[in-house]
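Questions regarding the structure given below will be posed in turn.
Lettered A, B and C in written order, each chain numbered from 1.
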Amino acid sequence: MKPAGECEMESIQIKTSRREELVNITSELQALVKARGWDAGCLLVYCPHTTGAVTVNEAADPSVMRDISVNLSRFIPRQGDYRHMEGNSDAHIKSSLVGNEQWLILENGSIQLGTWQGVFFCEFDGPRTRKVWVKFLAG
Amino acid sequence: MKPAGECEMESIQIKTSRREELVNITSELQALVKARGWDAGCLLVYCPHTTGAVTVNEAADPSVMRDISVNLSRFIPRQGDYRHMEGNSDAHIKSSLVGNEQWLILENGSIQLGTWQGVFFCEFDGPRTRKVWVKFLAG
Amino acid sequence: MKPAGECEMESIQIKTSRREELVNITSELQALVKARGWDAGCLLVYCPHTTGAVTVNEAADPSVMRDISVNLSRFIPRQGDYRHMEGNSDAHIKSSLVGNEQWLILENGSIQLGTWQGVFFCEFDGPRTRKVWVKFLAG
């Protein structure tokens, strides 16, 4: 039997529709928290893909997502001094800069976010079917 | 009643004085750890603002903070190909690159840092009154 | 006596051989997990150096590591508008962009990684003898 509070990681599937795109996954994460009955603690959202990332940023104005995506490609262009033969070195670099993980605080079964914040899956080499792993630590 | 070890998140207020600035919050965090009696585990410092961030870097020479701040603005300039109408897309981009969260290790009631490390709130669209949320996980 | 599940942080030593280099430390981390008998939860890999970082990215093709390293230096060059006198401001900036920490999920004593993922220590001002701190949270 597992120790109290121990649980396996969960997974959320995401379908992206463009090569570069930031997809709001806040409601999917909140729905998972509710379905599992997680109450208070911290939630790790982990991207198992090496050409994607997870971030928290403004969810109110979609222009912010567009500005992030377009401007990352300005100084990390698709074509450049790359030796990796799959043509997606830019996506790997962006993944390590934005980071493949994001922690969120849970209180009373609710993801705590700043007024303007949402959680975004960052697609840098789509379109693809992606997933993020979700792990809850009570506390 | 809350399960043993469970506690709500705390908050630290920060007043920034310039548009772009890295503010050392290490002593405020350590004071909070002492006040709450947190002993061993991990501490999440979470920025609920979408134009700020949290990072760990050198605390000995303020030039390092200046060099980080000035050079981020070199390749993420304030004016550019931005559609977000609030004039702070650069700050949103920096926030996702540096990241809005930072974890620290606690042992014996003390934040464990490398010799030269301090914890910094990164202001990218100030001056403002800001806050970071702090969550402790025992372990 | 320590509360159940509480343990002190561990450390892994890394010798780097160039100024800039990404070193795969996945097997060292997995060996530590096995040696400590850690089963399920989350693992924090924390870099106590201010000119290094930790990231997860593709482990199959070493060109990806080379492309990340070379291209970071393209927009964060070694020489530039820097006031820090030690000649390694570029390394400090890269450290805050990539981030000095990385979380991993553990299940059944095994680090959970995506198909192509490995964990890398990022050296930005070597060669040096470095270390990462490792902290396990059960859950």
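Here, a residue touches a chain if its C-beta (ideal position, glycine included) is under 8 Å from a C-beta of that chain, and two chains touch if they have at least 3 such contacts.
What you are looking at is a predicted structure, and each value in this text was computed from that prediction instead of being measured.
*Asks:* Among all the other chains, which ones are in touch with both chain A and chain B?
*Replies:* C
*Asks:* Does the chain A and chain C pair touch with the same residues on each side or with different residues, judged by whether over half of the numbers are shared?
*Replies:* different
*Asks:* Just the number, please: Cα centre separation of chain A and chain C in whole Å.
*Replies:* The computed centroid separation for chain A versus chain C comes out at 20 Å.
*Asks:* Going by the touch rule set out above, which residues of chain B reach two or more other chains?
*Replies:* 75, 97, 99, 103, 137-138
*Asks:* Which positions of chain A touch chain C when the two form their complex?
*Replies:* 2-3, 5-9, 44, 46-50, 75-76, 80-86, 89, 92-93, 95-97, 99-101, 103, 133, 135-138
*Asks:* Can you check the complex and tell me which residues of chain A touch chain B?
*Replies:* Where chain A meets chain B, its residues are 40-42, 55-58, 61, 63-64, 66-68, 70-72, 74-75, 97-99, 102-103, 105, 107, 112-117, 137-139.
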